[in-house]
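Down below is the structure, laid out as structure tokens.
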Amino acid sequence: MSFLFENSYYIAAVGLILIGLYIMAAKKNLIKVIIGLSFFETGINVLLIAAGYIRGGSAPIFSHPDMQAGKMVDPTPQALVLTAIVIGVAVLALALSLAVRLYEHHGTLNLRKIRELKW
Amino acid sequence: MLATVQNCMVIALTVLMLAGAVCACIFKDLISAVIATAFVSLLAALFFFLLHAPDVAMAEASIGAALTTAIFVIAIKKTARSEEE
Amino acid sequence: MRSLIAVILLAVIGLGLALCLSDMPFGANHIATAEKAGRHYLEKAPQETGSANVVTAVVVTYRGFDTLGEVTVLFIAAIGLGMVLYRRKKQEGKPPQPASFVLQTGCCFLFPLILILGVYIFLHGHLTPGGGFQGGVIVASGFLLAYIGCADMKIRHRWFEATESLAGSAFVIAGMAGLAAGGSFLMNFMPKGNFNTLFSAGIIPIIYIAIGLKVGAELTGLIANLLERAE
Amino acid sequence: MQIILLTSFGGAFATYLLAKISSRLRDVCAVIVSGLLVVFVALLYNKTPAATLIPSFVGAPLTVRLNMLSWFFAIAIVVVGFLSIVFSFSYIKGKERADFYYLMMLLVNAGMIGIVLSADLLTFYIFWEIMSWGAFLLISYNRGPALRAGMKYIVMSVIGSVVMLAGILSLYAVYETFVFSELAGRIASASPAYSLACASMLCIAFAIKNAVVPLHTWLPDAHSEAPAPFSAVLSGILIKMGTYGLILVLYLFVGVKLFISPTYVWRGFRFVLLVLASITILVPSFIAVMQNDAKKVLAWSSIAQAGYIILGITFGTTLGFAAGMFHFLNHATFKALLFFGIGAVEYRTKTRDLNSLGGLLKRMPITFIAVLVGTCGLIGIPLTNGFVSKWLLYKTLILEGSPFLAFIALIGTWGTILYGYKLLHHVFLGQLPEKYKNVRKAPASMQFVLIILSLAVVVLGILPGIPLKLINTIAVSMGMDSMNINIFGIASETGALNTVNILSVLAAAGIVVWIILKASKKSTRISQEDNYAAGAAIPAERYSYTVDFYNPLYRMIRRYLRDIFDEFYYWIAGRVQAFSDMVRRLYVGDVGCYAMYILLFLSALILSQVWWRVW
Amino acid sequence: MVNPVLLLAVPLGLAFLTPLLAFISDRIARYVPVAGMLFNCVVSVSLIPSVLNRPIIVQTGGFAPPFGINLVAGPLGITLAAVIALVGLAVSVYGLAYVKEGATVKYHVLYLLLLTGATGVVLTGDIFNLFVFYEILCISSYALVAYSGDKNGVEAAVKYLIQGSIGSGLALIGIAILYGVFGTLNMADIARNIGSTGILNTTLFIALAFMVAGFGVEAAVFPLNAWLPDAHSSAPAPISAILSGIAIKVGIYVVVRIVFTVFGAPSMFMLLVVIGVVTLLIGEMSAFSQNNIKRMLAYSSVGQVGLIVFALGMATTGGISGGLFQIISHALAKSLLFLATGYMIYRSGSMEISSLQGMGKRMPLTCCAFTIGAFSLVGLPPFAGFPGKFMIVRAAIAQQQHLFTFLIALVLFGTIIEACYFFRIVQAAYFTGPREEPDAGKQRREEAPLFALAPMLGLLVFIIALGVYPEPVIRLLDSCAAELLNRFDYIKGVLG
């Protein structure tokens, strides 16, 4: 149980990453694949934030003058995750617009059927 | 005591989150899957908050839960709603 | 069959990740020593940047270059989306169905409030949680609401394009000004002001305003593009 | 030296550029360039300049030098090059892309000059490659079947150059130098296995270019499909670059002392080369008999003649070396002559099919005489240069106790006689087909070339001492015994050769024959139509042409003369193609699969670390 | 001396300004990439002499390296930046003529940003910043592949996007692990923390594995390169040229930088070598029986990537500078090939090799450019491909190991296959098709426009110049190799 207590954030992160990858590798529908991509990215973000957490720390904002720097969580991963989230949404938007275009051309989003480019 | 409660809550959230993800994977109706995705994003935002990352939590909530879902829905509206052909 | 193979492969990858994570126990103080960047930021950010929100300090000054790149990524996404959905001839789609009265009124009522919230968030990025991105996204969601609710609202793309272009250029110009004034790109060359007040932290609020406007305009343009294509 | 290279390369491009202005200017420029080259090379006789082209190219200088050996080759190159350009004058006129043709001719020529001038392996390789791809473009020039020939050529050529590269760099890896003179001293002391490996790699590369038997398959197609002037260059000179390379390897790097030393390794190596050379003489000679395409006959004959050269050179004695070198020179003259002659015929009749030609003796007399002289040289009839070199070769083989090889070479010569006569007869003798009634003489520029080369064949046959003197100098410079040369031949106890004696004997025999002929009954001339046909007049198209000329022989040996190597190579190529097609199926087009590839790669890495800790 | 950060800031600023300029006139916007790349070209070339002695460390925001993001303008970075700018300049000039339809302004903006991303990747000294620029590069190439909006383009873009985002996600996991272990993102700092253990522990290795697998997607090494033939064959010609010439090279750079400088993992070198050979063989074999010319060129890029990775994996000065030389020569030659092919396809309307018949007559200069590019790729002197291949083979043989002897035999086998299919195309272009009378050829000539020919000829000049006199470049590359091999110098240079 204590293992679960300790690592539930990590479990959530790894779980999201793996589910995301599974969807991307095994699912046929392009929208599903993009959903998988978004899970994958969310999982990585959770992983990064969890890696930057320091037990007993507070948010890295000096909202009161008496706050101590020693008692704060690491701000760097948060900055990274901010960037990563925005990159994620950019990729997602582009992917969805491509999906719309793909649907116009092929009339389907089934990736098993969209195989004109091969060999 | 408080710590234990919080831990249990985190475990419950984890289970919920992964369940949501699995649901999104299983659902044949893409709109439902997208809603599940939004739910997962929301929980992730909650996680960020619990991990003392309010900036990220805000970003994830507004982007992951709101904006992404909107884009998904718009895109699904223009394509096919159901996963099977 | 494929699912099975995928599960096996993912199990191996999960195992690898777990092995890694066991090396970085959850909650450990990995930035205990002073030469770690995280520790440095926490301890020095208020003096060096004048920002109360350390994350903002990191995002805008210490790792400002990342942020510039990130803004660029969003810019690329907006432009790329426009390009992918580009249509040679603008076809006249059927006029969108007007939303119900309740929705319309609600949207029109909420729209300015959301905009104000967004602007507030990116103005106070150096003081409270939030910043240019969050604010920008909120602004964009306001516009999304307007698009859905107020169907007759037509905002010309050119304004968004102009805004994002100007804001992006402002970011780069601010960086260049730092290069000219302080000898290094994106240098926080302006006076730090009083700690924990609105007009403090040098160029951080300026950059965050630029980012907020840019992100808002880009995401709005993105949604507008997608929506237009839909109808 | 730099002037030579500059003229050759610069001239090639200048010609191409001038061609854009006018085609007349192009012709003039091409002739001037190739003529200048002849002059320059001739002026450098007996001089040994050396120069550095580029002080450092991928860490080594590019250097050139001239010595007797390379001068010997260079003069042959520039002369044949010059003649082929002159010959091209009318041959190429009115064909498409003539500018390009001239550019490539001159470029290939320049490449070959570069090869013989180069002082280090790197320079050698660079010029070798320039020559190879230039030749590829020229071989493909005629389209149609030429494309296949060109592909075959370039694939084998690339294989050859790749092997050569490996050989060169293996040498470099140990000795850290490309320069011939530095390598020459050091290899002798290397371990036999290592030097054997390097030598065989280089030998394979050169054997491909020289078309030694298991690696010869590109040559028949390439020679027959290339434009006639280039066939002459190809056969006369280009494949002999392989010979030059072999000489470098065997006599310079390995060293003649080591090469003919009785150690196990080198004896075996030499034995293999000798056997291959004799097969190269024997089999292609008879395959040539079987061909019905004039240029194919010559092409197979080139392989066989190259076999004589290799046989002489791999023998390793002064006499053998002299035989090989002299035969190289002779082959360059008479084979170029034959290709030019057949080219002239092709130019006028637009065909190379022996069965549909015939009786052109009256129509193209000069061409006939030239081809006659060339064939005599090819067969080795006294008073032509081919006789001298073959005589030297037999002498060597018999004296050094390899009568078996001499016997094989003799059988090869029988084959040569057969196809030589077939060629001559099918083209020039017999009946003249209707459609060639109005064939004109070859153009003047072609005749000029033919005459020059015919003279060369005869002069070299009567005065073999001129080149032999040179060859003797080369042999001595490479550490072999000297021969006693006079202008009419060799005067020594073992291999006395004097063309004056032969000349007088022949003259006497000729007179005797003439007297006998005079004294006997006069021959009567009979009209073509005057043969028995049951009283009916034979229509012109039913004239008996000689189609299956050597039918009994053909039936006898056909079974043994399949080009199994060619078939084998095609089989390999087919396998490779099929396998490549299979590999291509890896990219299935399903993006889920591709995602799996990525995951597979990652998990394989992780698994290997977690389980076996390999990294 | 110019600050190297301008190499990134100026094109970025220009790209942001382009939509504004487009309000004034589309014509001005078209010239923005040309201006940006010209600037980069001049700046990076002028920086080369000064970085040869010691790298220029550029701080951003005025913070010392482990705390702020820094750019490391070492010999390797600046050389690659110069190559990027040079090829980018040529291709952008080509784009002026080629890109006529569709969202042209957006095309030019994305194009400029793609190259900026590539420049950022090679210059940055911070691993997360590298990731960001890598994403700029990737995302703009996803979009540009779909530029024409036709069936194949969109399909290829979708496939590319999916694989590319899996790759970048995996790389980000690797970065996260590294940060979790060391608490720093500066590459030099990470390298210092890793030290010179030689053998990595499991955690570090897994981080490395994630990063290699992630960045390897863009580098297109064997199991990760399935996107490449699709994307390169479906993109518009200038984008294919950039993807083949620049983007995959940047991927290779990232992998090599991580393996050599950040981790200093000698145990991975052998893996690189083996992957390189496998990639080479599979690429060349797949190209062997292709009928679609662009797809064939794309597979040939795979093969070349294999060769480059093989060379870099040898981890000797000769091998690395050979590999880098091959990067440059391949960037020049392959972009030349794609540019030439672009107009050939434009004129013939088909990508089948058989449709190239008689191109030698119809577009002689384009065809000549194609031929020389092909010869250079095959490695024939006197073109740029020769010194590269020569150096690689020399370095491999100089290893004097049986394994390398075997591998080099495979590599040379691949080269032979490559020669086969390129020569086949050259033949098809020149020596097939209707035979024409010399006079009739004049009116059927349809040469590419001047703006397309000029960059091709420019690249051609570089190819020949490099092939004839490669020495200055090799000397430069030797110091690049030294930068990669001496990671302690790198660390000291950045952290002081």
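As written, the chains take the letters A, B, C, D and E, and residue 1 is the first residue of each chain.
Keep this in mind: a residue touches a chain if its C-beta (ideal position, glycine included) is under 8 Å from a C-beta of that chain, and two chains touch if they have at least 3 such contacts.
All of these numbers come straight from a predicted model, not from anything done at the bench.
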Graph distance between subunit B and subunit C, where chains that touch are linked: 1
Least step count from subunit D to subunit E, where 1 means the two chains touch: 1
Chain of greatest Cα-centre distance to subunit B: D
By mean Cα position, the chain sitting nearest the middle: E
Whole-Å gap between the CA centroids of subunit C and subunit D: 73
Computed distance of Cα centres, subunit E from subunit A, in Å: 29
Distance between the centres, which are taken as Cα means, of subunit D and subunit B, whole angstrom: 77
Between subunit B and subunit A, distance of the C-alpha-averaged centres to the nearest whole Å: 10
Sites on subunit A at which at least two other chains make contact: 9, 17, 21-22, 24-28, 33, 50-53, 59-61, 72, 74, 76-78, 80, 82-83, 85-87, 89-91, 93-94, 96-101, 116-117, 119
For subunit E, residues that touch 2 or more chains besides their own: 128, 132, 135, 139, 142-143, 146, 149, 154, 157-159, 162, 166, 173, 177, 180, 183, 185, 202, 206, 209, 229, 286
Contacts with two or more other chains, residues of subunit C listed in rising order: 2, 6, 9-10, 13, 16-17, 19, 21, 24, 30-31, 37-38, 41, 53, 55, 62-63, 66, 69-70, 73, 76-77, 80-81, 84, 129, 131, 133, 222, 226, 229
Complete list of chain pairs which touch one another: A-B, A-C, A-D, A-E, B-C, C-D, C-E, D-E
Of all residues in subunit C, those that touch subunit D in their complex: 2, 5-6, 9-10, 12-13, 15-16, 19
Touching residues (chain side subunit E, partner subunit D) in the complex: 158-159, 162-163, 166-167, 170, 199-200, 202, 205-206, 209-210, 212-213, 216-217, 223-224, 226-227, 229, 265, 267-268, 271, 281-282, 285-286, 288-290, 360-361, 375, 378, 380-382, 386-387, 390-391, 393-394, 397-398, 400, 408-409, 412, 415-417, 419-420, 423-424, 426-427, 430-432, 435-438, 441, 468-471, 474
Subunit D-facing residues of subunit A, complex: 21, 24-28, 33, 111-112, 115-119
Subunit E-facing residues of subunit C, complex: 16-17, 19-21, 23-24, 30-31, 35-38, 40-41, 48, 61-66, 68-70, 72-73, 75-77, 79-84, 86, 88, 158, 161-162, 164-166, 168-169, 171-173, 175-176, 178-179, 182-188
Subunit C - residues contacting subunit A, complex: 2-3, 6-7, 9-10, 13-14, 17-18, 21, 24-31, 37-39, 41-43, 45-46, 52-55, 57-59, 62-63, 66-67, 69-70, 73-74, 76-78, 80-81, 84-85, 127-129, 131, 133, 195-196, 215, 222, 225-226, 229
